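Across the two complexes that follow, chain A remains constant while its partner is chain B and subsequently chain C.
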Partner chain A sequence: MIKEGIGLGTMFYGTGYGNGFPDVSKAEAVLRADGKVAVHTGATEVGQGAKTAMTQIACEVLGLKVNDIILISEDTSNMPDSGTAAASRQTYNTGNAVKKTCEDLREKIKEEAKLKLNLNTDVGLKLKDGYVYVETLPEKSIALKDLAKDKSLKIKGSFTAQTTEMDPETGQGAPYWPYTFGACAVKVSVDTLTGEVNVLKAVFTQDVGRAINPSLVEGQMDGGFSMALGYALLEDINVDNGKIKNDSFTNYLIPTSLDMIDIDNILIEDPENTAPYGAKGVGEPVMIPVTPAILNAIYDAVKVRITEIPVTPSRVLKELNKSKK
Partner chain B sequence: MKDIKINVNGKTHKLNIKEDERLVDTLRNRLGLTGVKEGCSEGECGACTVIMDGETVTSCTVLTFQAKGKEIITIEGINGGNKIHPIQQAFLDEGAVQCGFCTPGMILSAKVLLDKNPEPTREEARKAISGNLCRCTGYNKIVDAIIKASKYLKREGN
Partner chain C sequence: MNLEVYNPKSTVEVLDLLNKYKRDAKLIAGGTDLVLDLREKKIKPKAIIDISNLDELKYIKKDNNYIEIGASTTFTDIEKSEILTDNLKGLKKAAREVGSPQIRNRGTIGGNICNASPAADIVPPLLSLDATVVIKSKDNKREVSLEKIFLNKGKIDIKEDEMVLSVKFKNTKGKLGFYKLGLRKALAISKIATAIYIEKEDNICKEIRIGNGALGRHGLRERKVEDYLINKEINEAIIEASATLLSEEIEKRLKGRSSLEFKKEAVKGTFKKAFKDAL
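Entry: the complex of A and B
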């Protein structure tokens, strides 16, 4: 018999290394002679979109177009350290370092423009599309490339996240900052004859602070859901006496396109005040609430609480048989 | 060693190959077509997908002599090698690429689908890429991209 059930999972997750561990990101920004800005930072791109997000942040601060930011993030001889692309920390930590560094460069550019344009002050100066201009008199302007002609402007900056060590005795404290929150609801079917579980429908919400790039966030949510779906139902490395038995894709099954479903992704934007434009990390958080939601939905469908993953058909049948006795 | 002729991306190559040489190695090492990715080496992951006479094959499980006289298309030759293909454009526009390792295989599987079925449903698109594993995207934006590509191709009248 096919039985259906609905389940919910919720989570919160602390961004960054946490627990007092120094969590530092660095960046350098250089106004080049051609008027473009080079941003050097060690935010490793692994497909999550770090290069896009860092470029967007620099564009926003400096009023430049994407093609006018040269991001150097893979040449280790030519960029400062920005820590690992781990702990869902790059957008928050390195994003902050890039934003702060570009803001300092922007102020330096304004100062230079003040001198070049013979102004009393740099108050009311704006940067847009490669020009600095007086907001109330836009014809009073100078191109960034003319500013950089005889003097290269270079800024170094860094950002250190505020984390404190927990009390080792009580485990109390505030080890992470900031936290992200998420919730996922799924509908599953359980075949009581074969033990097969299928996820039929999913609604997935993720607090992102501010989505620097909504499409990238959705991509992270889809990917996190898929990984968690595999974690819940398919993936078993099957360690026996210290040896991994399922060591190939023939028996270590990860979800295919036919295992995945279309998800109703909902981004919650509640800007975090210490974050770059309010943005928080979502890389790992998006995997967390999905497996509990699936397990709760299985319970709702067949009233059997499964506490071991992956929930393979044989495990479902075993638990169903146990519950009948 | 064995002399064979294969046609890759519209060009005929005369090659002197080892009898047990795999197509993935010929394409990558002899012809420099490194867009052909080797993942699992056992035909499970689809990263090394190429098109052989209009059908997708995993080039890690094809021996090069089996490609004798056949027409192979790799990601490098998908649009004559000069211009971005509408399927590639759709992948970019939909954010269907994350780490990129599965992308060449995904695009070639999508091409074979769209060559045969210009207006696939989402389910048909899912089925067409079910032999291509992706760990990053959760596949949904890839499905979005295939549907968008079918519209781009229709607009271009291909």
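Entry: the complex of A and C
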């Protein structure tokens, strides 16, 4: 018999290393002789979209197009350290470093423009599409490449997240800054004859502070959901006496495209005031509420609480049988 | 390692090569099992005979008496065949649920039988169709019931100079149902696969054949349950009683196995689903 159920999972999660651990990102921004800006920073791209997000932040600050930003990352001889692509921290932490450094470069560019344009002040100067100009008199302008003709302008900057250690006695404190929030609701069907569980529908909300790139955030949400679906229903390393039995993708099963469903993703935007344009990390958070939601939905469907993952057909039938006795 | 690869143009050439190399030769059609064994050095043949381009082994044909499928016919060919009509949807379903599109485009019906995996997906429906395997050597041709061909897990009654030419079964009007229980929706090895062929008159079961996969050393017919069902009126109570009987059979067969607890329960589910699929 096919039984259906609905389950919810919620979570909150701290961005970054936390707990007083030094969480530092560095960046360098250089206005080159060709008028393009090189941003050197150690934000490693692991498919999450770090390169896109860093480039977008630099573009936004400097009024430049994507092609006018040269992002240099993953080359340790040519970039400062920005910590690991881990702890959901790159967009928040390194994003802040890139933003701050590019803002300093922008001020330096305005100073140089003031001199070159014989102005009294840099107040009211704007940067757009490779030019600096007086906002009330746009013809008073100079191209960035003319500013950098004789000497390149270079700025170094860094950002350190505010994290404090928890009280080792009580475990109390505020170990992270910022936190992000999420919730997921899923509908599943459970076949009580074979123990098969199917995820049918999902609505997934993620607080992102501000989405630097909404498509990438949705991609993260799809990816996190899929990983959590595998975690809930499929993935098992099967350790036996210290030896991993499922040591290849033949028996360590991850979801295929047929196991994945279309998710109704909803981004919640509530900008964080210490974050670059308000953006918080979502890399890890997007996996967290999904597995509990699936397990709760299974409970709702068959009124049997399964406490071990993955929830394979074998476990479902075992628990259903136990509950009958 | 000195490995010769042959590209014969006809089955006559294939059989000459088999006759020459005997046990040192391996036939390759889709290669979806053989290549893995080669990579893992489980087998070390001296010659590989590629039959994947032999069109004479790729066909699905039908006359008034029989439907015959050439050994190198792929799962995709079976899945898309218009010759296999709706009453045989269980066979198409089994083909469609093999691996992934890439594997279905390469893997063949002959290979699936000869590899003799207990979980071979195409075997249960063919057992339910009471299929016959057509086997040829250089000097001899014989036909064996598929049910009798499996000797053990991975072992099949085909001699070293023989090859499978085709599989055939009677062109009848009964319906074939199928249900595969795997752990995910693609690229899943069967935990249980059940195929059921039914011919009925006025809701009386006149002919029934049940084929199971992954419930023994190789695919098996479930004679006891068949005998129970024959000439009975088909209703919920009978289906339920048959499922229980099947479960008891599986319990005897898998005694001592860690999978028993699960499979004796789940088989009731695959049986009922395949049965309804065949009505």
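Heads up, the rule we're going with is that the second predicted complex is superposed on the first by the 325 of 325 C-alpha atoms of A that agree within 3 Å, B and C clash if a C-alpha of one lies under 4 Å from a C-alpha of the other, contacts with A are read in each partner's own complex, and residues count from 1 in each chain.
Here is the rule we go by: contacts are C-beta pairs under 8 Å (C-beta built on N, C-alpha and C of every residue); 3 or more make two chains touch, one makes a residue touch a chain.
The model shown is predicted, which means the values in this text are computed figures rather than measured ones.
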First (chain B), second (chain C), both or neither touched by A:48: first
Touching partner for A:33 - first (chain B), second (chain C), both, neither: neither
Touching partner for A:256 - first (chain B), second (chain C), both, neither: both
Touching partner for A:317 - first (chain B), second (chain C), both, neither: second
Which of chain B and chain C A:248 touches, first, second, both or neither: first
Partner contacting more residues of chain A (chain B vs chain C): B
Touching partner for A:304 - first (chain B), second (chain C), both, neither: neither
Touched partner set for A:215, first chain B, second chain C, both or neither: first
First, second, both or neither for A:234, with chain B first and chain C second: second
Touched partner set for A:196, first chain B, second chain C, both or neither: second
Contact residues common to both interfaces of chain A (with chain B and with chain C): 255-258
Contacting residues of chain B [partner chain A, same complex]: 40, 42, 44-45, 94-95, 97-100, 122, 125-127, 129-143
Footprint of chain C on chain A - complex, ascending: 191, 193-196, 233-234, 253, 255-259, 312-314, 317-318, 321
Residue ranges of chain A in contact with chain B within the complex: 46-49, 215-216, 218-219, 221-227, 248-250, 254-258, 260, 262-263
Residues of chain C defined as touching chain A within the complex: 100, 181, 183-188, 191, 259, 261-262, 265-266, 268-270, 272-273
